[in-house]
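For reference, the structure discussed in these notes is given below.
Naming follows writing order (A, B, C and D), and every chain is counted from residue 1.
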C-alpha cells in the first residue's frame, strides 16, 4: 500500500523526499502509474506535485520562456509563445501518445523519466533548453544536452526534482520535429529535432542512444554550407558516430543509424521549402 | 482485507463518499467500490482508452489516475450525460452508423467525442480522428465511428 | 431510442441498428469482468518461467498462508482429461510438464485479485529444465527433444499422421504438378514468411465459475461458442457435460481468440476446489502471453503459366509453427492448403505442409484461418506472372478466375460467384485519379473464403401474444449475429423485427451450435432459423385454416403479424392463433431445426487428399481488393491512401453490418501487413503489451476506405446469404505488398512490410539502378 | 538474451585465473554486488542490486560452477530471484582465458540471460545496453584489482 502525500510547496516536497528514501515524486502519472500497474516499481509514498503552484504554467521571463515542471503536454502543444525556433517543442508535445495522455503527462515528468524514445528531450536539446532542479542543497540548472547521462540515468540526484524547464527566447527562424513511428502515438523509432540558425542548423537526434544526440562543433563546421549536400551528409555522419541505438521491436540499430542522415536532409528540404513559400 | 480510506468524489454532479484503498486507481475505485461498470479495463497501461473518464472537463485515463488525487474535482462517466444533447445525438448516430460493434470501447469513444464536440462545434474530420486516436477499436475500422461524430456535430450545430 | 427503419414488410436487406447497440451506448452492457456473484473470489494465474521443463513438485504452503487465499489449483487437481479441437493434447493446466513461457502452472483463488496475484508469486515449483524447441525446423531435427511424448495415444479427430514433434501433415494434389512444369513458359518461385499476429480484442479473456450444492457447475466466460466451452471444460476436467452449464455475457470481440478454451477450465477447477464462485480475468499482458495467436508461416510457392498468362500449375509447400498445443492448428494447416490456389482455374495444383510443435504459445484460429498467409504469397506470384506475360494485374485475374459451376481445388462445388463483378467494380473505382492528381500506386488481390462447417440449430417459439422467441446458441461477439438471425426469422414470420426476441446462448436451453467462427453463423445458423420459422408458420396456417374454415392454400400472411383469407379482408392476428394453440387446440407453437453442413469437400475423382481436416467444409464467398499507397522514400513508411473492398456475400441480410465487417477486417489486415508483430527473444515474448505491440488507431486509417457489397445469391443460403466475416482480411497483406511493389519496384516476401524493410527495399533498388 | 564480449588484462594468465576464482575479489568487481559467500566447492550465494532507470532490484543469486578447466575455461549457471520472486533470472555463463603472447591475458565472456517476471517485461533493448555498461564497469574494476 503506497501512501499519497500532497505538499503545497516545493520545499515541503523536497524535505518529505529527503526524509523518505522509498518515496517517489508523482507528476502526471502517465508513466509512473503505468509502471506501477505493471508491477515494475513500488514506493512507500507518492509525493503528488499536482498542488504546487510554483510548478504550474508557461510564462515569459527575462531571458526566455519558463515552463513549469507540471505543465501538461496539452498546454505545451497549444502554447502560442512557442513560435519560430521553439515551434519544435510545441510540435513534439503534440505528437506524444494521444489526447487523454497529453491531458495527464507533464514536461517535468517526461524529462525526469528520460525514456530514450520519448519526444521532449531531442526537441529541448535542439533549442538549448535548461532544466532547473531543486533538492535538499537548493536549486541548480543543468542544460538538457547534458541532463541524460546514461540509459534512463539523468543528472537528478537522490531527493531532487525537476521544477522547471527554461527555453531561450524564440528566434524568428523555422524549426521542425520529425518522428518515425509505427502508428500515431507510438514511441519514436527515431526522431529528429531541427532548427534553422542563420546559415547553419541545430539538430538533436532522438531514440538513437540513451539521450538526445547533438554536436555543436559539427554544427559550426556546417555553418555556411547548408546548400552543400556532402557537407550536410558529413554533419549527419558526425551525429551517427555519437549514436548508440538499440535493436528492439520498433527497429534495428542499423535502421536507426540509416535514418539519421535521411531525416536531417528531409528536415532541411522541408524548412527550405517553407522558407521559400 | 486491504485497508480502505474514506474519499469524497463528485461523480456525475453528485458528491459521493467512497471507501477505497489509498493508492487505488480511479478505474479500481469506480468499478470495485462505486459499482460504475461502464468504465472498462482493457490494458491498465493507459493505451487502449476503454477506461476513459472526464476529469474537470478533460478526457483522462482512469487506470493511470489515483483516486486520492480526484478529491474536489469534477468527475464524469457516460452515466452523467443523460440530459446532454451532444451525447444524445452522438449515441443516436453511433448506434445507426455501425459505429458500435462489440461495445467494449464505446463508452470511452462517446466521452472523448462529447468533450471534443463541446469544444469544437464545427470539427474537421481530421480533428475528430485526432480526438479519438486514444480510443482503440478493433471491430469497426473507425470510419463508421468518425462518420457518426461528424454527423452528430452537424445535427447539434443546427 | 433506436429508430428502427420503418418496417415495410421484409426484414432482410435492411440496415437495422443492432439490437444490443442501445445498451452498449448507455454503458450498461455487462461483459465477463462486470459480473459478480455472492461470495465470489478472484483468481490469478502463475505463469511458467520456462519454455520446456518437467514439473517435479510444488511448494504451496507459503501461498496458502498468504492473506485472503482460499484455494490453489495445480496439475495435481485436474485429473488426466485432455482437450483439443483436433488432437486431444492439452490438460486444463500444466500437468507433468510445462511447454511454453507463460503457460499456466498454478492458479490461486483469493478474496481480492491483488491478493491472488501476490500469492501466485509465493508458489514454488520444482522444475527439471529440458532443452527447448523454438522453431519448426528444430522440432523436426533428428534427436530433437519431444514435447508430447505420448502423442501416439492422444485421440485425433482425423488422420493427422502425427509423430514425434510433427503435429500434423496434409497433402492435397490435383492433376500432375511434377510434369506440368514442362508445359509452362513462365515459372515464378519464391520463399515467403509471415509473422505471428495478436488478436487484441479490446476485452481480455475471462471466466466466472460457480458450483451449486449438487456439484453442478455454471460457467460464464468470454467465448465464441458456449458448446466448445462445454466440450473443452468437460473433457479437460473429466466432468460430464450434464454437470456443466455454459452461459454468455456480452463479449468484447473475439477474432478467433475465444473460439477454443482459454482459462475456463482453470476457473472451473478453482471454483470446484474453493467451493465458492471464482472470477478470473486476464491482464492484457497475460492475454498476449497465455492464450493464442495467428500462425507464423514459412511458404515455398511455385507458379507456372503459358506465355499468354494462362495458369498451368502451382505447388505450395508450407511449414507451420504449431506452438505448444495443437488447438486449431491442424485445421489452419489443412484449410490454408485448400485455399492456396486462390479463386483461379489451375489444372495442376499440389499443396502440402507440416505442422510442428514448438515450446511457444499455441497458435490457433485467427480471422482468415491461414488464408491471409497463403494469399500473401499467391497473389504476389499472380502479379509476377502477369508482368512476365505483359498483362495488367486485373486482366491476368479476369482471364484465370474461377466461375460459378467450377469446382474448387480438391472438389467442393462453387454454386455462386460474384467475383467477376467484384473485380469490375474494384477496377473501375480504382481507375479514377486521386483528388490531388498525384500518381496512384495500386495493388490488387482477389480471394475466396468458405462458410458452412459443422452443426447448428434453431428453436423458434410463438409466444401467447404472437410475438416470437428465437434461440440458436450462436454467440454474438459484436459482429451482430443476434440481429441478423432475428432479421431472417422476422422475414420468414413476416413480422416487424422488434417482435422477435433473441435468447442468449445457454447450453441448458439453446440448440447446439459449433461456434461463431469461420464466417459461418449467418449462412449455417441462418438456414436453421429459416427452416425452424417455417415449421412455426406451418402450424400457424393449419390453425388459421381451421379457425377460418378454409384450405391452407387460400391463406396469405399480412402485415402486422396477421393471416388473412386471399381475396377477403377477414384475417386473424397471430395472437389469436397462438392463444388457441396455448389454451384450446394443438398446444404451444414451437418450430425447431438442426442441421450439419453435409456437402463433401473431397471428390476422390478429382484429387488426392491426405490429412484433410475438414471433410465437409462449406460454400464459397468471393472478394476483390484494390489498395493505393504512398511510400515515404525518406523513412520507408507506407501509408494506405485509399482502398476498395468488394465482396460477394450472396445476399446482405444487414448491409451496414456487412460493410463494417469488410472495413474492420481491412484495418485489422492493414495492421498485420504493415507493423503488427509478436516478437520473441529466445523463448520469451518480448512485446506482450499495448505499449510495444501496436494496432491501428483512428489516425492510421484512410478516410477513403470503400466497402462494396456484391450479391450473387447462394442457392443453399438463407435468402441467398453466405459468409462475410473473414473475407475482408484475406487479401489485404497481398494487395498492400503489390501496391508497395508498384510504388518502390521491390517485391516483399516477408511480413510485416515494416518501414525498415520497405526502406531496405528502396535502398537495394538504388544500388541496382 | 546473449551478451558477449572480451577484454585484455596486462597480467599473466595464472594470476588472472586466481583472481577470477576468488569470490572476495569478484565481489569487489561486480557492480552492485553487496555480498558473496561460498556455499560449497562449486557454488556461491550472492546478492546483487541493479538499477535500470526508475526500477531498482536486488537479486539473490546462486552461481554454480558446472565445468572448470584451469587456467582457461569456467562454465557456470546462475539462478536467482528478486524480492518476493517478482522477477526470476537464469543464465548460462562461459568465461575463457587465453595468453595474449605478450605477458597479458585475453578474457572472453558469453552470458545467455533469461529474465522473466516484472523485470523481464522491461524493454530488452535497454537491459542489453545496461548489461554492456555493467560489463564495462566490471572490466575496469577487475583491471584495477589485478594489474600490479
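Convention: contacts are C-beta pairs under 8 Å (C-beta built on N, C-alpha and C of every residue); 3 or more make two chains touch, one makes a residue touch a chain.
The shown structure was predicted, so the numbers you read here are calculated from the model rather than taken from an experiment.
A.B. asks: Have a look at C-D versus A-C and report the one with more C-beta pairs in contact.
C.D. replies: When C-D is set beside A-C, the one with more contacts is A-C.
A.B. asks: Measuring centre to centre, with centres taken as mean CA positions, what chain is farthest from chain A?
C.D. replies: C
A.B. asks: Compute the distance, rounded to whole Å, between the mean C-alpha positions of chain A and chain C.
C.D. replies: Taking the average C-alpha coordinate of chain A and of chain C, the gap between them is 44 Å.
A.B. asks: So how far apart, in whole Å, are chain C and chain D when each is placed at the average of its C-alpha atoms?
C.D. replies: From the centre of chain C to the centre of chain D is 48 Å.
A.B. asks: Distance-wise, how many Å sit between the C-alpha centres of chain A and chain D, to the nearest whole number?
C.D. replies: The answer is 34 Å.
A.B. asks: So which stretches of chain C touch two or more other chains?
C.D. replies: Where chain C meets two or more other chains at a single residue, that happens at 285, 686, 689, 691-692, 695-697, 699.
A.B. asks: Among the residues of chain A, which are close enough to touch at least two other chains?
C.D. replies: Only 34, 38, 98, 184-185, 248 qualify.
A.B. asks: Multi-chain contacts only, two chains or more: what residues does chain B have there?
C.D. replies: Counting only residues that touch two or more other chains, chain B contributes 2, 44-45, 130, 133-134.
A.B. asks: What are all the chain pairs that meet the touch criterion?
C.D. replies: Pairs flagged as touching, ordered by label: A-B, A-C, A-D, B-C, C-D.
A.B. asks: Applying the document's contact rule, which stretches of chain B touch chain C when the two form their complex?
C.D. replies: Per the stated touch rule, the residues are 1-2, 37-38, 40-45, 47-48, 50, 77-79, 91-92, 94-98, 100-107, 110, 125, 128-130, 132-146.
A.B. asks: Could you pull out which chain A residues touch chain D in their complex?
C.D. replies: Touch residues, chain A against chain D: 24, 32, 35, 38-41, 113-114, 116, 150-153, 210, 244, 246-248.
A.B. asks: Residues of chain C touching chain D in their complex?
C.D. replies: 47, 49, 101, 118, 121-122, 124, 285, 681-684, 686, 688-689, 692
A.B. asks: Within their complex, state which residues of chain D touch chain C.
C.D. replies: On the chain D side, the touching residues are 1, 84-86, 88, 90, 112, 114-117, 120-121, 123-124.
A.B. asks: Could you pull out which chain C residues touch chain A in their complex?
C.D. replies: 285, 634-635, 637, 674-675, 677, 679, 686-687, 689, 691-697, 699-700, 754-756, 759-760, 763
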